[in-house]
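In the two complexes that follow, subunit A is the common piece, with subunit B as its partner first and subunit C second.
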Partner chain A sequence: MSDYKEMWTSLGLDQQTHDAVLDLVGKTYQEMFLSQKNRPKGMEYFDFVVSEIHGLRIRELLDAKAEGRKVIGTFCVFVPEEIVLALNAVCVGLCAGAELGFEAAEEYIPRNTCSLIKSAFGFKLAKVCPYIEATDLIVGENTCDGKKKAFESYGDLVGNLYVMDLPQTKSEAGKALLKAEYLKFAAKLEELTGVELTVENLKKGIETVNNKRKAMHRLAELRAANPVPISGLDVLLANQVYFYDNPERFTASINAICDELEQRIANGEGVFPKDAPRILLSGCPMAVPNWKVPGVIENSGAIMVGEEMCTGERGFRNLTDDGANTVDELLDKIVDRYFEIDCAVFTPNKKRYDHIKEMVKKYKADGVLHYSIQFCQPYQIEAMSVEKNLEKEGIPVLSVDTDYSQEDMGQLKTRVEAFIERIKS
Partner chain B sequence: MSDYKEMWTSLGLDQQTHDAVLDLVGKTYQEMFLSQKNRPKGMEYFDFVVSEIHGLRIRELLDAKAEGRKVIGTFCVFVPEEIVLALNAVCVGLCAGAELGFEAAEEYIPRNTCSLIKSAFGFKLAKVCPYIEATDLIVGENTCDGKKKAFESYGDLVGNLYVMDLPQTKSEAGKALLKAEYLKFAAKLEELTGVELTVENLKKGIETVNNKRKAMHRLAELRAANPVPISGLDVLLANQVYFYDNPERFTASINAICDELEQRIANGEGVFPKDAPRILLSGCPMAVPNWKVPGVIENSGAIMVGEEMCTGERGFRNLTDDGANTVDELLDKIVDRYFEIDCAVFTPNKKRYDHIKEMVKKYKADGVLHYSIQFCQPYQIEAMSVEKNLEKEGIPVLSVDTDYSQEDMGQLKTRVEAFIERIKS
Partner chain C sequence: MISAGIDIGSRTIKVVLLENREMIFSKVVDNTFNPMETCHALLEGLSYDNITATGYGRHLFADHYRSEVISEIKAFSLGINQALPTARTILDIGGQDTKAISIDEKGRVRKFEMNDKCAAGTGRFLEIMAMALRYNLDEFGTEALQAADSASINSMCAVFAESEIVSMLAKGEDRARVARGIYHSVIKKSMAIMKRVGLQGDIAFAGGAAKSTALKILMEEVLKQPVLVPEQPQIMGALGCAIYSDALVLDE
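Showing the complex of A and B:
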């Protein structure tokens, strides 16, 4: 631990604030995760990961850097991890899920900016995120207006920001734009890493990321069981860790948990009673330690059976086809894969409705809780169509807009409890 | 008038609500415009236009339709009017500037959507806008998240919506996207109108729109005089009418006013005392009858000397070069012209800072009032950089976020008055 303190100081963190953050994460984790009953034993790996959230993993990143590898920070599932890994770089998610440094952030972005974006500024300004400080390059992207415009000043703040443009429509022109941006990004990374893309390293990158996704598919499918063998909170945590852990170790850990869950299912064992109300969570991503809404759901007697979000199935749904024999063809396959992502920044984005319905069916959800971060216009607006569309087909929907504060906890509990009553009946 | 009632009924308007709207516009116009002292006589034309806002102009549109011409409704200065006019169609702006039908609108879009978008829904749902009802095609565009996502349900509501995609960056790829979209739009209009683009009709369209712009340039330049020969409110009104009036008549009316203003300047005559504090307005567009902030400024003893907004210089700044001899080359010139528009949806958008500074200098402004519609993230975020950038160079900035309600009038007045005190000293 004293060893880490030195590391944190070397990264320029504010020691006092940083200690407080770790303390808060630890306490929240204790209350929300460790207190759960009958957890799979395999979750111990994630307990360890969280206890070392700013320790061991950061040490690994710094060791990788010492070996000449580059660390790429990301904020979005549109960043093609396959390319990052192919070039021997390390990919780490930088989204932050806590209300910290917001006052300082509001010197750069308006008060009515979503918590996810504010948190990215807040964590940098409060000097509490060793991930940000360990990066060689941070990748921003033109998704929503909030991010697109905020990255302009975030760039000045961090000094190593690269912004990727993204299309707004699922048209041929949109796909061409994505391809052009991925080519530019690959060239940028080749320059940074001094490594060139080859068929071999690209196929290896695709394999590594696909394995991670396949493990998540396996985990997801096991949640269709009744009783459900693992809590939604635990799966969400795995989804969050997905973005910054060592990919091979992560994959092995998820597969080990799946082995255990299969045994549980065979024994009819679950974390919640059989026939507990089942909720599909849908909407905006949730970054560590944003466990507010899932906590309310699972503390109210319902269980989360799926997450239709970037920290969930939207992030890992599709595999990348590696059936090609040139770098350019493999890049086309990567573009094909990412172009399927049904983020609400696209217009129209109707496939998302189908995906939600498929997940409801597959995971036998009794209802959908649509989660929008306050001031996230794409998801807030789309939520209204999602709700109409699903309710029309008899799928109950509760649409929740909230932020990272605890102020609306009472109201949130009341609404979630009423929704659970509705879907039980 | 009874004649118009029949026309309005035939367009499906709600008679009672529509009467109330016209009544309110009339009263507000009386209070804010007709009560001004020493107005140019040429403004009588605009008094007439406003008194006939849903009357004569709608009759003209219906007459044009009867002759087989098509009416194209627009919400954005990115819609190339040159192409619309070339194809013998009529272009009318549909942005609305009043808090009307908001409750009904909130069935389609979230409460925290900007007033401009809500008003587009509100006017349709309340059945009070004869322009919307007179259109053959309404053109939406992917600018901000609010519009982009709201147009998805607006399309269901109006039934004749065409959405144009727009780039987010000023890159070569961005320009190619704009070109592709303008080609698609031209093809769509050719199909709708049954007219084909030719060098001749396109050059004529360019000439008509350029003439309108040149008249606005002439008017703008006259405002550099001290005392200022025309109020900012009156010029803003002209800017608003720019979007739905007959273009030739509009151009002639503006030029007539300019003749009169030149005489005034020669006589040292103004609408405000010499050396009155001079404010440049910058930011979001203001649609009729959104005169709230300008009213506060000019009722507090300052004068607006320029509008850096879509209903202002951002809308008419650049001319379209007609120096080409094929349809495709002329379309390239049109793309060149529109690609220069410095809307805050672009990232980065630094030329806008230069334009604001140029306008401050040209119109001898003492300070800039940056106006953002509440929940308009692109302008709200950009406002913070604009403010830092200008203040650094000694240009005072007041940044105001407001909506279409009258609730914050007291606070607004206090802030504007304090700002005027600051720039006077």
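Showing the complex of A and C:
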């Protein structure tokens, strides 16, 4: 660890607070992940990744920078990673999942802002995130009102923010807007990296990202087995690491875990006993180290079999078609792929309900836990229709509103346990 | 065969003993800063074959005693189903939670809702408001019932409601009208939660707050239908646990 002290100082991190953060992540990881029983051996890779969360990966980013590559930070699954990779840049997710620096953040944004946004400010202001500090460009995106207004002041804070506009309807005009924004983004990156988009580099970028997605699809499908061969917490972790790891190495690690899980399924082995209650998680994204609700679920004897969220299937769901022979046509294919994302900022967003139901069926879930971050209006409002829609078809739903604090653990446990009792009876 | 149930709540701890499904003992004591010590004192001298725990201290209890654990939702559903078999909707107002549960004829949970992390509409809210009005809990209820109408309380937050009340009194508002208004704000909050589970069939009202006759009477006025309150509303969770212990033995 001491090897990295100098690197962290050079990035301008606050040593004391940063030490405390790493300590907390380490402890929480120990309690929630390492204490799990019957984990697949392949998860050791992720244990290593987490133990080096601010170490080795940051060194890799800095090495890439030394070679002249650029590091692009993102907050949203709408940022087309294919383009970033095509231009020889590195893509890292910056979403933060801890209640840190909130007081300082409240000098920029109101108290009743969602934890996800507050945490992005908190991590910057508390000087604890080496990823933010290592970026050459941070991409903000106009999804919800909270984010788009917050990015106005975030830009002043970080100094290297680029804001991408996003459509709010799945219309032709909306699609044209997305295309225009991706073109602008590509031009911005070309200027930053000094590399031009070509059919070859774009196809290569698409291939790399598609391979990552295919590995996640493979992993997702294995969770339909009974008993389930891997815990939901472990898969959620993989989904979180998906956003900042080296993509080729990540893909290989997931595929290795899948090989192991196929063996487990053949042997009838699982992490939880056969017929354990199965829960599909749906709703807002969960950034590292936001493991609160999944921890409550799996410590109460139920197992998560899927995540309908950005850190889950909403993020990795569709592949990008690379069947085109010009840069512009390939960009159209990229737009086609991203335009399918069922984010709650779209109106209407009915396809999301169908996707949740499809996932319930595919992964044989007994019920859906809808998770909203408090003050996230798009998901909180949609939660009500999701609940009505699913309950009508006999799918039990528990809708939970919470934030990054720990003080509602008692209430959460009661609700989750009662929900598990309900789906068992 | 004696089966026991214990409900370790935020304000009180309740215990029930059943012998052949008949209640042979029940007791309610105030919780303290050391819930396990209180449980120990409460159980001392009682003999039973097995026990099930619920309430906020349920897991802590199971760490110390050989005990089954069920959620308050399940416990209240089982308890009410025995005490008031016709009830299909349950409102439980406890110290720090308000819960609405929809159950079937066998006492199985169909749907439930709980208040968010906030004291508004809970038993503790009523206690704090009674204190702000300088009433003891009995006076608080009788005075509220005697008021001709309700003052309108807008704040849903316990802290803000207290200052709203203080400023009402400062403006010369009638104390009993304010008391009635407070009851109505709790009812409004409870109704919202009950509607989310679907207000079906007979309604049972339990938990510590159900000891308040005023709350029951005013709720009946709003709902325009009778509200059933079990003889000992506070022990329904402990009763449900004892029933669960009993059924476990039958299963074995």
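What we mean here is this: the second predicted complex is superposed on the first by the 425 of 425 C-alpha atoms of A that agree within 3 Å, B and C clash if a C-alpha of one lies under 4 Å from a C-alpha of the other, contacts with A are read in each partner's own complex, and residues count from 1 in each chain.
Here, contacts are C-beta pairs under 8 Å (C-beta built on N, C-alpha and C of every residue); 3 or more make two chains touch, one makes a residue touch a chain.
Every value quoted in this text rests on a predicted model; they were computed, and no experiment measured them.
Peer 1: Which term applies to subunit B and subunit C once both are placed on subunit A by superposition, clash or fit?
Peer 2: Aligned on subunit A, subunit B and subunit C fit with no clash.
Peer 1: A:380 contacts which: subunit B (first), subunit C (second), both, neither?
Peer 2: In the superposed model, A:380 contacts subunit B only, not subunit C.
Peer 1: With both complexes superposed on chain A, which partner does A:391 reach: first (subunit B), second (subunit C), both or neither?
Peer 2: A:391: touches subunit C, not subunit B.
Peer 1: Taking the superposition on A as described, I'd like to know which of subunit B and subunit C A:344 touches: first, second, both or neither.
Peer 2: In the superposition, A:344 touches subunit B alone.
Peer 1: If you stack the two complexes on chain A, which partner ends up touching A:414: first (subunit B), second (subunit C), both, or neither?
Peer 2: It touches subunit C, and subunit B stays clear.
Peer 1: Figure out whether A:171 sits in contact with subunit B (first) or subunit C (second), or with both, or with neither.
Peer 2: In the superposed model, A:171 contacts subunit B only, not subunit C.
Peer 1: Would you sort A:422 into first (subunit B), second (subunit C), both or neither based on which partner it touches?
Peer 2: second
Peer 1: How many degrees apart are subunit B and subunit C as seen from subunit A, counting from C-alpha centres and rounding to the nearest 10?
Peer 2: Value: 70 degrees, nearest 10.
Peer 1: Counting touched residues of subunit A, say whether subunit B or subunit C comes out ahead.
Peer 2: Looking at subunit B versus subunit C, the one contacting more residues of subunit A is B.
Peer 1: Which of the two partners, first being subunit B and second being subunit C, lies in contact with A:16: first, second, both, or neither?
Peer 2: Neither subunit B nor subunit C is touched by A:16.
Peer 1: Please work out how little space separates the C-alpha atoms of subunit B and subunit C at their nearest point after superposition, in whole Å.
Peer 2: The answer for the closest subunit B-subunit C C-alpha pair is 5 Å.
Peer 1: If you lay the two complexes on top of each other, which residues of subunit A touch subunit B in one and subunit C in the other?
Peer 2: Residues 401, which sit in both footprints.
Peer 1: Residues of subunit C touching subunit A in their complex?
Peer 2: 56, 59, 70-74, 97, 108-112, 114, 116-117
Peer 1: Can you list the subunit B residues touching subunit A in their complex?
Peer 2: Counting only subunit B, the residues touching subunit A are 108-110, 112-113, 142, 144-146, 148-153, 163, 165-166, 168-169, 171, 173-174, 177, 180, 344-345, 347-348, 374-375, 377-378, 380-385, 401.
Peer 1: Quick check on the complex: what are the subunit A residues that touch subunit C?
Peer 2: Residues 391, 401-402, 407-408, 410-411, 413-415, 417-418, 421-422, 425.
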